[in-house]
Each structure stands twice: as C-alpha cells, then as structure tokens.
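Naming follows writing order (A, B, C and D), and every chain is counted from residue 1.
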Amino acid sequence: MINKVVKTASEAVADVFDGAIVMISGFGEAGSPIELIHALIDQGAKDLTIVSNNTGNGHVGLAALIENRQVRKMICSFPRTAHSIVFPELYKNGEIELELVPQGTLAERIRAGGSGIPAFYTPTSVNTPLAEGKETREIDGKPYVLEYGLKADFSLVKCKTADRHGNLLFNKTARNFGPIMCMGAKATIVQAKEVVDLGMIDPEIVVTPGIFVSKVVEIADPLSENQLIKEERRYPWR
Amino acid sequence: MEVVIKKGWSREEMAQNIARDIPDGSYVNLGIGMPELVANYIPENREVVFHTENGLLGIGPSPAEGEEDDEMINAGKKPVTANKGAAFFHHADSFAMIRGGHIDICVLGAFQISEYGDLANWSTGEPKAIPAVGGAMDLVQGVKHVIIITKHTTKDGKPKIVRECSYPLTGKGVVDRIYTDLAIIDVTKNGLFVKEMAPGVDFETLQSKTEASLNQY
Amino acid sequence: MINKVVKTASEAVADVFDGAIVMISGFGEAGSPIELIHALIDQGAKDLTIVSNNTGNGHVGLAALIENRQVRKMICSFPRTAHSIVFPELYKNGEIELELVPQGTLAERIRAGGSGIPAFYTPTSVNTPLAEGKETREIDGKPYVLEYGLKADFSLVKCKTADRHGNLLFNKTARNFGPIMCMGAKATIVQAKEVVDLGMIDPEIVVTPGIFVSKVVEIADPLSENQLIKEERRYPWR
Amino acid sequence: MEVVIKKGWSREEMAQNIARDIPDGSYVNLGIGMPELVANYIPENREVVFHTENGLLGIGPSPAEGEEDDEMINAGKKPVTANKGAAFFHHADSFAMIRGGHIDICVLGAFQISEYGDLANWSTGEPKAIPAVGGAMDLVQGVKHVIIITKHTTKDGKPKIVRECSYPLTGKGVVDRIYTDLAIIDVTKNGLFVKEMAPGVDFETLQSKTEASLNQY
C-alpha cells in the first residue's frame, strides 16, 4: 500500500544530509514550510545549498536556518526583502554564497530539472551582468542565454490538502513555487494543513499529482511568519 | 491676482496618465511601488486584468483591514483580493505568461532609461549592495509593452533619462514609453519623442532636465 | 468589458488564413474540437500546417480537413492509428508532408513556444533517425538533442467549461494537448460544452487561465467522432 | 503415461512474470498491446499506480460495457476508468513525469533488442511504411526501468534478441530486462544474463533462438 504520510516533521526531514541541495517553497511570507524548516534546524544538516525565491524573514523559518549556519549557498531571485535581516548581514561579511537568478529563469530551471530538460535558451537577462560568462546564441535573429535545469536532493513544500498518495492542493498565492519544486527534487517532503482520505480530492483539480511527492506530514495549524516577526520571535525558541 | 502655475504631475497624476492609456481588456503586470498606484485609476467602463508574478490573474482591490490573508499577496508582498474570473497558478506558468508574450503591458520603476530604451532598475552596482533582481528581467523581455513610471530626475536633480545607462542593465532596448512627472515620452527607433508635457512645463526646461536628446513629434 | 464568447463556430474560425500554422487538440478520439474543424472546412483556408498528435479518424474532423486538401503539412507523433484512413493514402502518394516528432518532444515544443523558450535540449530521440540533422550536445556526460519551440497562428481546442474571460476546465483525458496548445498560439479558439457566468469557476481549479484564450464558442452537444465513424459519416455531410 | 512438457510461457504468463516483479508502490507506464495485460496480474496486496501518457495517473479497471466514455481513454485509445487518488493533467506535465525520471517502470513491446540494450520498436524502416513514434522514445530515455515484453522470436522464427538492431532505433542502451515466452533476461554492462527460463526450456535451446550471446548467472 502506498502511504506517504509520516507522523512528525522531524521524521519527514530525517534523511536530509550534509551538503544537500534543498528547494524551499514560498514567496515572501506566503507558502514557506516553516515547521519543516524548523525540524531541519533541529535535525542539524549543514553545508546546504538552498533554492528559494527569497532569503527568509526575521529570525524564523529560512532566516533561522541561515542564522544557524546550516546554509553554504543561496540560489534565489530576491535576497533583499523588507524583513530579511539575517542573510544581508552574512552576505556582507562574505559568510554565505549567493547565486542570483531572475525569477522566471529560476522557476523555469526548476521546472526543467524536474522535467528531464537539462538546459534551455531564454531571452531573460540577455545583455545584462547576469548573463556574463553564460553561453549566448542567436535564434531567429534574437539573442538568448543558455540556462541549465536545477535539480535538488530534497524539496520542502507547504500545501493546503494532501492524501496518502501525495496528491496536493494549494492555497491561493501560497501555491507559487510549490508545484514545480515538488517536481524538481529526488525526495519531496510536504507539510499539509490537512490530510484527507484517498478519493476525497477530485482527480480533475489535483495540482500536484502524488508521483512528485515522497513524504507528507499534517501540520494543522502552521505558524504565521508574519505573526512571529511581529512578536520578534527567534528559532530555536528562546 | 497671481496665476499659480503647477509644475509637473503628482504621483497620482502620473499613475492616472498611464491608466488612461491602458486599453479595455488588457492584461497588465504592475511593478512594486509607484506602479501599483495605476490600478486605482482604471476608468470604470474598462475591464483590465492584473497579473502578479507570484501566481494570480485578476487581482482585486486591497482587502479591508482585518480581512488580510497571509497567503493572498501580490509581488510586493502586500495583501490583495481576487476578482471574479481570477485564476491561481504556479510560478513556471506565471512566467510562461510573462516570457511567452501573453501580457500586454507592464509598468515598472527605473533608476535610468537610455535614449535607446535600455533600462536599469535592479541594481545600483555598488559593491556593498546586495543584488536582487526578482522578475524584472523576465518582464522587460517578455511583455508586449514595457512602460516606465518614474520621477524625471533623481532626488538630487540628476537626469534619469540618459544617453547611456551607468547602472547595470535590466534589459537593452526594452522600454516603449516613459511616464514622468514632467512628460510622457515615447522610445522609438528614431530616438525619444515627447508625446505630452505636464502643464507648466516647456520643451526647453524638459530637455535641460534630460541628458538624452528629446525630439518633438 | 472582456467578452471572448462568440455565437457560432464559423465566427470563431473566420480569421484563419491560407498558410497558417494551426494547432488542434485531441488524442485519438478524445478532445478533438470537431465543430471548429468542420467550420474551418466550410471556411476553406488552405495550405495549412497542422500540429496535432494524430491525423484524424474516418472521414470527419481533422481527417475531413485533410481529405478536403486544406492541409499542406502535418506535425505529429502518431499519424497511423486504427481509424486513420485519409492521411496514409495521401502520404503514400506524396501529397502531404509529415514532420514526425516524439510525443513528449511535441508537447514540450508546444509548451516552450507558448512560454517564450525558443529552444531546449532533450534526451528523447538521441541516437535515432529522428535526431538526424539535429544539433546534439553533451551535458554532464549525457547526449541531448536540440529542439525548437513551436508557435502557431491559431489553436483550435475543445474543453468542458468556459467563462467570458476564457478561463477553462477540461474533461478527463480529453484535456491532453488542450492547455498547452492554448498557450502556444497567437489566437486560441475554444469550443466549450458550457459557458458559465464569470465567477462560477473557482480560481483554484482553473486549468487554463483566460489570458491564453482569444475566442470561445459554446457547443453544448458536440458530435462524437466514435459515433460518426461507426456510422461511416463524411464531412461535408453528404 | 507420457509427460507433456509445456514449452514456453503464454502471453498471460509473461504478463504475470512481469507483474510479480513490480514492487508495491511503483508508478508504471504500460505500452500499447501485450504490455496492457500486466495490469491484470498485480498481486492483490500491492498498490501500483498506472500512468498513461495522455494525461492520467491511477488507471482503474476497464469500464463495464455501456459505461465507456469517449473522453476517458488510455494511450491505446481504449476506454478506462480512474481509481481513487487518480489525477488528470496535460501532455507537457505527463511527459515531465516520463522524461524527468519520475516513473519507475515502463513495459514496452519490441521488434528487436540488441545485446547492449538497444531497442527498436517503432518502425520497420520500410520505405512505404508510415512512420509513427508516439511516446516510445520519451519513455525509454526517461523511465527508471525499461522492461520489454515480447515473443522470443518473430512469427517466422527469426531471433528478436540480436547482436545489432537492423531496424531504426527507439533508443540506444535503454533496456533493463526482457521478458519473453522462453526466458527472463537481464541486460547488464557485461552482456545479457539469463535470470530465469520457462519450464521445459534449456540454455542451449534458448541460445539457439537468440542471435546475441547469452550468459548464465
């Protein structure tokens, strides 16, 4: 029988190893799998490369993972947001690497990695510093940059609803990078607000089919990053 | 009685100028900051669908206080609502819309615009600054009409419309039209053409605040 | 106001011009926009390049369009199916061109064309006759073939439900090429079994957002290709 | 009393042999024709999810007569049903599953298989034949384990397991295991190894019906 549901976030992230490439869903404060990230902080895997659109907020979630010195390198499009404090500090001190990728190229590289497409051409970043050192090519008279698919060892993703096969539904703009990150990793670990019985999700509306998911843990009342930031909380809690 | 001549458009008027020029039925992406104002001024008889790159077509008005939802935000991370006929989708589909030429208009801010339509709006290139690019480079390459909203000069009076951008580029030859507090300027193959000037602004004054050469239609 | 709904199939296909590239949804007998194709036969545009997985069945729909000599070239993955009679005959006589594309490459080329990706590398067809004359390249020690995005002037697509913005829902395996063909054309023309009021489709379950759709026509009771083939019908009806 | 020695496995037994070797929880794509039989023999205590490239994961049993739905078919265009936990998706997502290495096993037919695991199963290369490839070339490149089900020889007794394929290739070095009516054969870096022979078949007979060299474990 297929049952991808595990009981705890710690169990879900137990296999993450030192040096792993880990994709983390979310855009700003929406869609970040904060309980999975905190479990990863407890677990302690280090030297990680994180693929995520931003660099976390305040001192919780992804920001706390970075602050806990578990991250060697960030691959992201917008490392500098209103509530990003931790990353800028480490970056200025040369204590963390950054690979800056335009947002659409980041999304497409993740989808390509998950789709067996090793590389593709895109007009994005042509004639800019972000294309420096990259192969360019004219196709039908227009210049394009060659970009490579991104593959991760693990993805940590937050969603609304899951079943034991790993079929997923998302909530509003918290969907963002979730579905493509599910495709892009060897092992995809999902936290869902609710786990429902098989057959409860209409096959016509499944956003992420279970084939892209390895483990599911139910986190019925996930923490709100916004709230934690307002309260100036830090993880590990102190 | 003294006649008070108002020099230049306010931020709201700049946004209004853009909104006036967006045709009925357009699909529009608004950048973070001043561009967001444009949504407030779409004439009532027009239906415009707003896209946000984090996965929503059909952005509605801001939610009432207390009605905000952490998982319902725009690219500027501000709370939004969804209109009737909206759709949610993931990031790869969202940028397929952008890169694939399906979005009619985007409105972006700028550090500098060159007379060839080059745009610099993501990095000042300072060595200590943390670079952050977001979706700007995708938008300028993929969207059919790239429109800039910007003050005509920097805070200390330096021209933002220049012969050549000194800041790192977002895209080369990508801008179609510039809306500033002083004028509306078309970027054409033959150079910059002034389409309209704010009340109280004359061509000479405008040129004096512009490094690039301006032309009159 | 945005209203993409037109009254008749003839109105929907009126703009198709001689020499156009036209994508047509469907896989076998499922998802083919038969009323739109018949309207295109009535309209008469010729010298068309058709992108479709198969070559039509019996003497109706796509097969009838081919039989009516409106098609110069087929781009497809499986031109030879149980009920395909018309295409094989013309092909053997050298009266129609064929570009044979592996099914996954066909799907990816359509998606790429609609996504602003001019070209990509794929492992599919490496070391086979279908890779002959194509650029190949080693990436991380494995060989890949360069394939180009496909763009059409028009797409003809069948779906289940639409609203006046062109948001679409599909039915079961009739979804197949529909959503990506909606992305891949300058003008996408859709026949829907029902057109519903704006707001009736939950934004979370939209399969094709309206931005990818140009025109919608309601065809409440579409013909069944299977039924027509059993009855040995021919279009134009005779 | 004469002992009747049954020579070789039936089509059903070949399908059974494959079904027996598919682990619980696998995602499996079955080719058109003989491969489709495999679905009938999955042991009851195993849950296997069947994928069809035309956009469905979780194929269920064939519908009862009269219950067929034109818009609910498999890649072979035959009517199917959907199990609990099924999902529909479009063709690009479907082939992302295939090409991206997300499907564990595919079972395909063959014209020829070489001793290096080259597969020819889409074209006889005859000049008058209409070529048709479908999803075969994607499956052999993307799926983790490529399994072949085929009669050991052609109708007129010619070997199908050959030193080099004479028909146009579907993929080079892609086959992992071959299930025939006479044997189960692994394709390894060191050549073809016979894993199991049908009752009544001996190695010498098997080799005599095989052009490529066989090895014993």
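Definition applied: a contact is a pair of C-beta atoms (placed from the backbone, for glycine too) under 8 Å apart; a residue touches a chain by one contact, two chains touch by 3 or more.
Small disclaimer: the values here were computed from a predicted structure and weren't measured.
Asker: Along the graph of touching chains, what's the shortest path length in steps from chain A to chain D?
Answerer: Minimum step count, chain A to chain D: 1.
Asker: Which chains does chain C share as contact partners with chain D?
Answerer: Neighbours common to chain C and chain D are A.
Asker: Tally the contacting C-beta pairs at the B-C interface and at the A-B interface, and name the larger one.
Answerer: By the number of C-beta pairs in contact, the winner is A-B.
Asker: So the centre of each chain is just the mean of its C-alpha atoms; given that, what is the distance between chain A and chain C in Å?
Answerer: Computed from C-alpha means, the inter-chain centre distance equals 34 Å.
Asker: Go ahead and note the Å separation of the Cα centroids belonging to chain B and chain D.
Answerer: Result: the chain centres lie 56 Å from each other.
Asker: Distance from the CA centroid of chain A to that of chain B, rounded to the nearest Å?
Answerer: 29
Asker: For chain D, jot down the residues that touch at least 2 other chains.
Answerer: Answer for chain D, listing residues that touch two or more other chains: 56, 82, 88-89, 92, 95, 98-99, 141-142.
Asker: Would you give the residues of chain C that are in contact with at least 2 other chains, written as numbers and ranges?
Answerer: Residues 108, 111, 115-117, 122-123, 170-172, 204 of chain C touch two or more partner chains.
Asker: Once the touch criterion is applied, which pairs of chains come out as touching?
Answerer: A-B, A-C, A-D, B-C, C-D
Asker: Once bound in the complex, which stretches of chain A touch chain D?
Answerer: Residue list for chain A touching chain D: 1-2, 111, 113-117, 163-165, 167, 183, 198-199, 201, 203-204, 206, 209-212.
Asker: Quick check on the complex: what are the chain C residues that touch chain D?
Answerer: Listed in rising order, the residues of chain C that touch chain D are 27-31, 53, 77-82, 87-88, 91-92, 98, 100-108, 110-111, 122-130, 170-180, 207, 224-226.
Asker: Name, in rising order, each residue of chain A that touches chain C in their complex.
Answerer: Its residues touching chain C are 108, 112, 115-123, 139-140, 142, 144, 148, 169-172, 204-205.
Asker: Under the stated contact criterion, what part of chain D meets chain C in this complex?
Answerer: Within the complex, chain D contacts chain C at residues 52-56, 69-74, 77, 82, 88-92, 94-95, 98-99, 123, 128, 130-138, 141-142, 168-172.
Asker: Going by the contact rule set out above, which residues of chain B touch chain C in the complex?
Answerer: 24-25, 27, 47, 49, 51, 56-58, 82, 84-89, 92-93, 95-103, 141-142
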